[in-house]
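In order of appearance the chains are A, B and C, and numbering begins at 1 in each one.
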């Protein structure tokens, strides 16, 4: 279908260029100065998480590695600019002048984690044009959801940002339910040892830099780092144990390790800076890993088929379920901590649970609507037979010689 | 032998889970609070060394890459928890309350280098169950050896930690002497260009982060970093020169570069913060590289065969010999420095040499005993024909399609 | 031609060893003390750029990956030592005692970027002996050129260092014009998906660490980082858009992304710390990417063939043209800034343009002369049929089994 190939030429580049032009114009009008800030180490850590971590983590499909790492970069650079603008809308509305600062880039980059997780759910099924539209929509909705969380539901800044996993996972799942399922006989939807190793490189980047991610906005950084380290450690240990228990021969499965090793980091995110005893962090890490591996069984056999969800990289059990666990745990800790000090406990708990429910339902509704938009003919959805294939989007001059 | 496969299912996961449960219980009873500490940069550097550096450095075997990087992670996360507990035993015995702090994680992670080096000596020959038992035993012995070094032999904290390479290498060698040699006709015990490149990635991570490792506990950090950088540079240069001189056609051999490039960092570890002239660091780097490449010839032809040692990743000449050189050099520097100031020089020198001999003999004896334990039927030793093979331990769903 | 192979054995190792001996002797006489300095984070960032970034960025040739990453390391470690000595010649001449310090290593490592870029232009066409000679010559000329820039043309320290891309690219091009062109029918001068992915890893390292590189010597670090981040982001976005527009089917080409994504960082280098409005940095990033991708077409079809230049890794449009753009932009900013304050504007502008012309002409002349030297019979130039081939320089024991 050469016609379909050629047509991208008239759409994707112009979409990208006009978006970029719009961003430059907006930056021109909005940012009058470059401000100070000492967040460079934080920025580098978040870049590592986004560019290396997710870029390589999503590289497990054998014929989709160029797209995984390439489009990941494209989406991050577009999304971060959009996110910087969105982060500053409240400042703008209050009639102050804006300063472009490193800390706003750091926060923008952290919000991008939601988009990257969502992309994981539909990995290989959406084309670059759809990815870009999805990125812009999701970033806008997520920033609005965070604003409501912070200003109406009185959630702290750190916790509202930690909803990023929850939002990303459920938004992605809702989008993916609007896409046709890939043919089960397709051999493209699989990994090779080589692609699994590169995905392991990405997982290790995520694993090593997760404590940074959880501590950037935390009030007590050291506590957050220590608790995240312990949760990640226990989570990785449990991943090996459960992987050995759940496979046929007692062998380990690489994809279990990829996913469950990080579950602890996701779960501990909410409460990392308020947990006072290391063993609590360890227990949370263990539970996160259990929920992630058991979840992968239940979801893939009972939940996804009836709902026609094809969760390409398992974001539901890698990020979604552990984030739900973390949010619930945070409410429990909150109750236990406040119990002794405040009488108005009920109101606070309701606010916390409200923020959780609000975030998850916003993600689901916005995801469903986005899924419908992405399937418009205008965006040229990829036919099912072309899923998971780099050759739709990338030139392979070295292959041309071979053919 | 499907029976043997299945049997892991009833052992490894339960071993892992019960260990983890024991750790959580111990953490519950021991750590009453989360303390402060500003060692996050140090912790990240050590994580890079352990997770990326050693994980990929050991990935040179063509059919053992999943196990190299996967079990490396498993061993690190289990070992670090055990090591944190061991580090705090002296504090416990003195009846103080414990604080979990980042600096104790950093030290625990540094001790883990010993285990990772030892695993290198028996890479591909031990199964996960044996690895775990070996990790626990080695960490306990190493912590005890460090405690004796510091408290009885009056060795400084930094130097006692730098014995980590010496201890790891000789412990690993002693263990490996208790294992059957792999069949020389086996083609699994080899590398491919691909696996050599991934091992190079690991080597570069070790090379770039070695100055951090040597300076974390040093008193004069900047001096330690500068000297380590120079020693590493000269070491890498010498590695190329000697590799060209010792191969048949004057070509370079990748494994020489992998190993000799780091030898300078190992050697300079002991004295990095006390060397005042850059040229001394450079000479040490040069000697380390020479001893590593010449050692690889002598050991592989004269020393290993009669002792029936199969040193899978050459830890003897990569870490063992350079560490011996470094320990001797440190004694010499100590003598030269003290000569002019103190009369009681003899006593100090004897203590230093004593610490060196004590560490090496503890490593050898503990290693031999561990080697005997690991060969118990209970731990299901891997048959020689299954050495160096990922398929013993990992599912390969993508291969299943191919068959 | 086994004779030619064997002969390297009598030359390369001895050249390396005698150079190293000379360096050690010079360090012995020159550096009397180890000084202080707090540049470790900067040093690590530059190491990442050099060792991981360029090491893997140059790995796109399918049969030259060992040499790309291996010789890159060799050249860096030799060149940094030479560069430390050269950096300190002015101090020496002024009869002060020298202190080896981390900051001098950082600057030496930054100068090495020129060499690594030049090597890119002749990648696969020069043997190790030629590389070493070229490294030494280039580092000496570049340090002299910087000294003249700073002391005679009154250019600031930061800007004189940012000429590193300009100098490296044009020096490399001049050298490559003295080499025979590779046979167009050779299939070795190509990439595979695997090598493109590894090159992408290198590109991402360069991309993530570029803000560090641009800010190390800048006066206003935060501004430099922020502007570089924005320029890099826009540059990457534009790279995707233009890649889609310029290929036949509207598909993306990996090599466009590799090169254009970094162009913004090169261009913004000069003025990063003096740009006050984010949108200016974004426009510069966009222009850099445009000039890089359009340049790659014009140069490869119109410019290189008549001049017989074979620019192996496209350093002309990756580093050369963006650096020219950046230097011009910096003059414009300078004029606009000074316009309102100083009357003697003409003199300052002439100095700035003079520094640019001086650097580029020094690079071209020195490059041509070096190119002639490198083709001396003494240095055993590689025959055209052996271009781009690891097997000339590396042992492949695993291949030996295969044959």
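One rule holds for everything that comes next: a contact is a pair of C-beta atoms (placed from the backbone, for glycine too) under 8 Å apart; a residue touches a chain by one contact, two chains touch by 3 or more.
Small disclaimer: the values here were computed from a predicted structure and weren't measured.
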item	value
Angle (degrees, nearest 5) of the CA superposition of chain A onto chain C	120
Interface residue identity across copies chain B, chain C - same or different by half	different
Between chain C and chain B, distance of the C-alpha-averaged centres to the nearest whole Å	35
Chain A: positions in contact with at least two other chains	41, 194
Complex interface listing, chain A residues touching chain C	2, 5-10, 12-14, 16-17, 19-20, 23-25, 27-28, 31-34, 36-38, 40-41, 43-44, 47-48, 51-52, 55, 65-66, 69-70, 73-74, 77-78, 80-81, 100-102, 105, 128, 194, 198, 390, 392-398, 401
Footprint of chain C on chain B - complex, ascending	41, 62, 187, 190-194, 196-197, 200, 204, 207-209, 211-212, 215, 221-223, 225-227, 229-230, 232-234, 236-238, 240-242, 244-245, 247-254, 257, 261, 275-279, 282-283, 286
